[in-house]
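Below: one structure, written as structure tokens.
Order of writing sets the chain letters: A, B, C and D. Residues in each chain are counted from 1.
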Amino acid sequence: MADIAIGRGKDARRAYGLDEVSIVPARRTRDLDDVDTTWEIDAFTFDVPIIASGMDSVVSPATAIALGELGSVGALNLEGLWTRHDDPDALLAGLDGLPDEAAWARLREAYAQPIRPELIRDRVREIRDGGVVSCGAVTPNRVEALADAIVAAELDLLVIQGTVVSAEHVTKGNPEPLNLKTFVRRLDLPVIVGGCSSYRAALHLMRTGAAGILVGVGAGSSSSSRRILGMGVAQATALADARAARMRHLDETGVYVHLISDGGIVTGGDIAKAIVCGADAVMAGRPFAAAAEAPGRGWHWGQAAVHADLPRGHRTPVEPVGTLREVLLGPAGDDAGGSNLVGALRRTMALTGYDSVKELQKADLVVHPR
Amino acid sequence: MADIAIGRGKDARRAYGLDEVSIVPARRTRDLDDVDTTWEIDAFTFDVPIIASGMDSVVSPATAIALGELGSVGALNLEGLWTRHDDPDALLAGLDGLPDEAAWARLREAYAQPIRPELIRDRVREIRDGGVVSCGAVTPNRVEALADAIVAAELDLLVIQGTVVSAEHVTKGNPEPLNLKTFVRRLDLPVIVGGCSSYRAALHLMRTGAAGILVGVGAGSSSSSRRILGMGVAQATALADARAARMRHLDETGVYVHLISDGGIVTGGDIAKAIVCGADAVMAGRPFAAAAEAPGRGWHWGQAAVHADLPRGHRTPVEPVGTLREVLLGPAGDDAGGSNLVGALRRTMALTGYDSVKELQKADLVVHPR
Amino acid sequence: MADIAIGRGKDARRAYGLDEVSIVPARRTRDLDDVDTTWEIDAFTFDVPIIASGMDSVVSPATAIALGELGSVGALNLEGLWTRHDDPDALLAGLDGLPDEAAWARLREAYAQPIRPELIRDRVREIRDGGVVSCGAVTPNRVEALADAIVAAELDLLVIQGTVVSAEHVTKGNPEPLNLKTFVRRLDLPVIVGGCSSYRAALHLMRTGAAGILVGVGAGSSSSSRRILGMGVAQATALADARAARMRHLDETGVYVHLISDGGIVTGGDIAKAIVCGADAVMAGRPFAAAAEAPGRGWHWGQAAVHADLPRGHRTPVEPVGTLREVLLGPAGDDAGGSNLVGALRRTMALTGYDSVKELQKADLVVHPR
Amino acid sequence: MADIAIGRGKDARRAYGLDEVSIVPARRTRDLDDVDTTWEIDAFTFDVPIIASGMDSVVSPATAIALGELGSVGALNLEGLWTRHDDPDALLAGLDGLPDEAAWARLREAYAQPIRPELIRDRVREIRDGGVVSCGAVTPNRVEALADAIVAAELDLLVIQGTVVSAEHVTKGNPEPLNLKTFVRRLDLPVIVGGCSSYRAALHLMRTGAAGILVGVGAGSSSSSRRILGMGVAQATALADARAARMRHLDETGVYVHLISDGGIVTGGDIAKAIVCGADAVMAGRPFAAAAEAPGRGWHWGQAAVHADLPRGHRTPVEPVGTLREVLLGPAGDDAGGSNLVGALRRTMALTGYDSVKELQKADLVVHPR
């Protein structure tokens, strides 16, 4: 596949971003009402194939419940403000009107507080009590330490998420690093794990027994990983590679592992394009940070932004575009594309002639650099 | 044709926009006076191969007559302000000086009024009485309901136009959706139908019996479909694919179906490039919205901008560039390219050595990204 | 060569601009003093391979003499202000401080005055009396009418120049259009003719008996032909095609016809790149319009800008960068690249290891989009 | 390798810049602590594979010592202010607050003073007395004249550096130009020589007996060589070509010559990408000019900017980002990427699974134009 000669001594492949591809309408069209956006993973069924990212500016227990009621699901960051503080909403409200630097300093301080396992239990219970699927996100570094609390909290769906997560973490000092293959199977709840961005990395993550894998490295709007670290694969290519890994894993094991595209979703068209590249669902942060109910209160940031010695990302203002319902299901008040994500996805499916997410994966693509 | 590997599990084709191609002058040049821009479709002959788009900011009965007198033809939107209101000119004049939002709110309200069949009749009659070819545009959703009024009005040329129009609309709830193949043949007037943007979609639209098809999905300046919906094929490629479909359809049936390139025309050079890619004529909105006589009075918008829950496009100001005559036939007062479209097309034909629109289709192209 | 499928029904070639290529230093370097930039065409030898364009903002009789003294040559526009007015310098000085529109109106008026053959004679004589090679530029339309005056004036070098000039101009009304093949051979002075931008067009122009051909269509900074007319070939490709035509013509006839790259020169590096693509010399306007002595007095415009009904280009301000000597031979006062063009060319030749213009044509290129 | 047809008469290769490539995470990840960034060249071992450029705005004796203490090495410009003036720090401090032009004039004057061999001795001794490896940079033009002073000063590591340096400098006037092959071998200290940007040029430089070669022509942020001279090869390709030359030279001689990537480093990710393309280490200027201790005091310029008749580059302001320690080793105060270069490099190595610089060279790349 490495068919580009960078020079005489090094080859490479061309990678494509979602912004470089476009879906080709097929010869059929369909009624909007005939289109089905349902997403089923493990025992759960969602009306729409969208997970709100496990970021404190995006998902609180309250918005997790609201998202569940709208047919989506929000991943609560189990290492963020909600599991370190009794009242993060008050804490975040206290940042209103502060100069950017002061707000940021106070936030960093808030993240320096310890994670309290009983808050994991309470937050998950709050979401479950809301009558929706509970979903939480942890990093590979902390997942073992928090596993008991997570299981005790009866979380429904666990996301293990880092910039890059591999099934084979090598360590010299520590004789027993986290072995995802045994860890994931030992857990009694479905796991989504990632990010990854290559065929082999995706294949090995699938072999951990995960129900789904996150595809994407530093593709999100809140991340500057690519520039600072010089690594990552453009998202359309990362998905198409992981799709091939999914086929091979299905062939070898009979198990269909879901691909969740993580990063870079702005419009419903982006969701459609990720699906055509191979995704079964997408994880999105920025669009929900722009909802009126978003806990970030008009600001968006990722966990990597509070890293102690190498922050990648920063706290950026987001213009509110409407309620969570409007962001997901519309109506859209303007043509910016940031609201009615599902309406746009449905329309694309109808106009291109596909009636389910799985069918839409078959659509033709063209490459057209912008 | 899908020769690009997006990744291991998905291929694609490269698509090209009109802004990426350029016409190669051949070894001959010609006199400007020897160049013929005539376009014949069905029983009609036009001096210039340009249809003004069926948009309320572009075509009113008065400008349709003016365009006809200049050798072009304007498509009146039969679902727009002119068939819902007695005096749209007054209505639009009333927006002058209003804040953008207030003007927009009043416009949306105006579009919420019902379509009145008797106005279809009156408007078409007004155009016919002007001594020019009458042309009107409707959407596939409403074409059946309005068919009787259209036929009764003795319209000369009908455009059935939507974001994507397929010959095979699939519906579950409704046992009898619009069947374009029977509908178009049943009508007693020539039909142009689209948009489409792929070989197969174009081929199937040709098989409906249409005299011409519109090629282009969301390519117009007033549209944000591509970004919001994630679909569409860059225009040069869409035309080149439809051109192959035209050849196949001609081979199979002996019938030559015209390709009308819809969207993205800014200069006469753009018209020339669309023709070289395969178009027999172009449909253009924005250039005519910039005419002094344009009903939009310095504003431009498409019907998709007033969509209830997923607007795609908005009302944008346009700088007037001269009279309709100047826009079409010159003289151009500056070098911006928005006036004397036909003069530029003629000059390109003369300098590249082709003496008719059909001959110009043979010109060589180079790809040169800007 | 047409190896790109625009779509199923149309192919194209990729064309490259000078701004997309870069010269690869070879394994040798040379002393700056060992580098020779001499250009010989017909009986004339110039120290530097640069012709100043036949534009009224660039070449007056006075600057033609100054350029000749510096080792270059300036083409006087024989259809411009200097052959229509007794004192164009006074006329242009009178524009100083006028509002742009008023200045433009007065200029258009000045161009509406008739060409006076006796002024052709006087201007050419003035240049010849300055002790330098006299060079003048005319359009194909007027060259026959002005031929007697040109020959009588004992012009040394004639440039026949239009947007596109072909050896085979086809005309219906006029039974005897200009036949360049007989006309050029009949003239008793060396002719440079163009522009052209393809292999075949270049080959046919060479067959007229011209000493050199101009390569480039609308590539100059003062032109908006490409956007308005939709035609043209990016300059690196146009040169590489014409180079192949030169080889074929040399093989068929034993005659070496010079390629003069016309348009888009900003820096000495651009000159070097044009040469590597195949040019024997370049024609440049904009760099000389920025000289303190330039007749345009801080403004630059091409003849196409005063076209009656389809102007392509406009009068644009240029920031003076130094004397003509500084523009050509330096020293450069800053690193903008617009002065010491020849110094930069010499340095490139020295650093890449080539000691003559003809040798430099052999250098390797890389493509690197900016 | 020249597989692109610019046109019928000229071919080229595609070259890639570091900003067009991205590293693909492999299937393994590693602990940050397990990653080793050591660089060994000749008898010297450095903690980090980074040389600070021999530019007066970047390296003074004091910063050379500081860099050495941090595990890096700074090359002192042996033809710059420190070898022409007794107190360059005072001289540079005197520019504070001066208008740009006045500061520039004073700097040019300062560079017009003669180089004093005894200052070479003193500056090198000062660095050596600081307990770190002493490294100095000279141009090929002056290296012979300064060789005795350099050897007498007991310099540890010599960089011979020019825009383009070839092993085969051809000269007509001077019968005995610098012969790098004999000169380098005669010197009793390890030499790094360059820049070069092609396979053959790199191979010939390796054959001089140099310990390392500089790869890169005009790639630095302070240079405008590429635009003015029209030459150079994008850095990823230059490195990949030189890598092949290193393999061949190793095969022919058993000697491993180091590649030092020179130019264009902004972030730690850029360092990682240069290594993956083939570099053993990088030379960087701009990041260190932004250190609080930088001698340039908030300004950055290269020697080429003070060239007498063809300056390439200028004195540009740089925003300070922290101490030298913070620039190299962090912590980073923001996510701009300009600080904690080594932390970013280490993280990239850990996340992509490589534990040494030499291993990192094996990583996969994708091409993704930005």
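In the analysis below, a contact is a pair of C-beta atoms (placed from the backbone, for glycine too) under 8 Å apart; a residue touches a chain by one contact, two chains touch by 3 or more.
Note that the structure is predicted; figures quoted are calculated from it, not measured.
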item: Chain hops separating chain C from chain A, counting only touching neighbours; value: 2
item: Touching chain C and also chain D, the following chains; value: none
item: Rotation in the CA alignment of chain B with chain C, degrees, nearest 5; value: 90
item: Copies chain D and chain A - interface residue numbers shared by over half, same or different; value: different
item: CA centroid of chain A to CA centroid of chain B, Å; value: 40
item: Separation of chain B from chain D, taking each centre as the mean of its C-alpha atoms, in whole Å; value: 57
item: Per-residue multi-chain contacts in chain B, two or more chains; value: 13-16, 237, 369
item: Chain D contact footprint on chain A (complex, rising order); value: 2, 4-17, 163-174, 177, 196-198, 200-201, 203-204, 217, 224, 226-234, 237, 305, 308-314, 369
item: Footprint of chain D on chain C - complex, ascending; value: 1, 14-16, 21-31, 33-34, 199, 236-247, 267-273, 276-278, 330-332, 334-335, 337, 340, 343-344, 347-348, 351-353, 355, 364-369
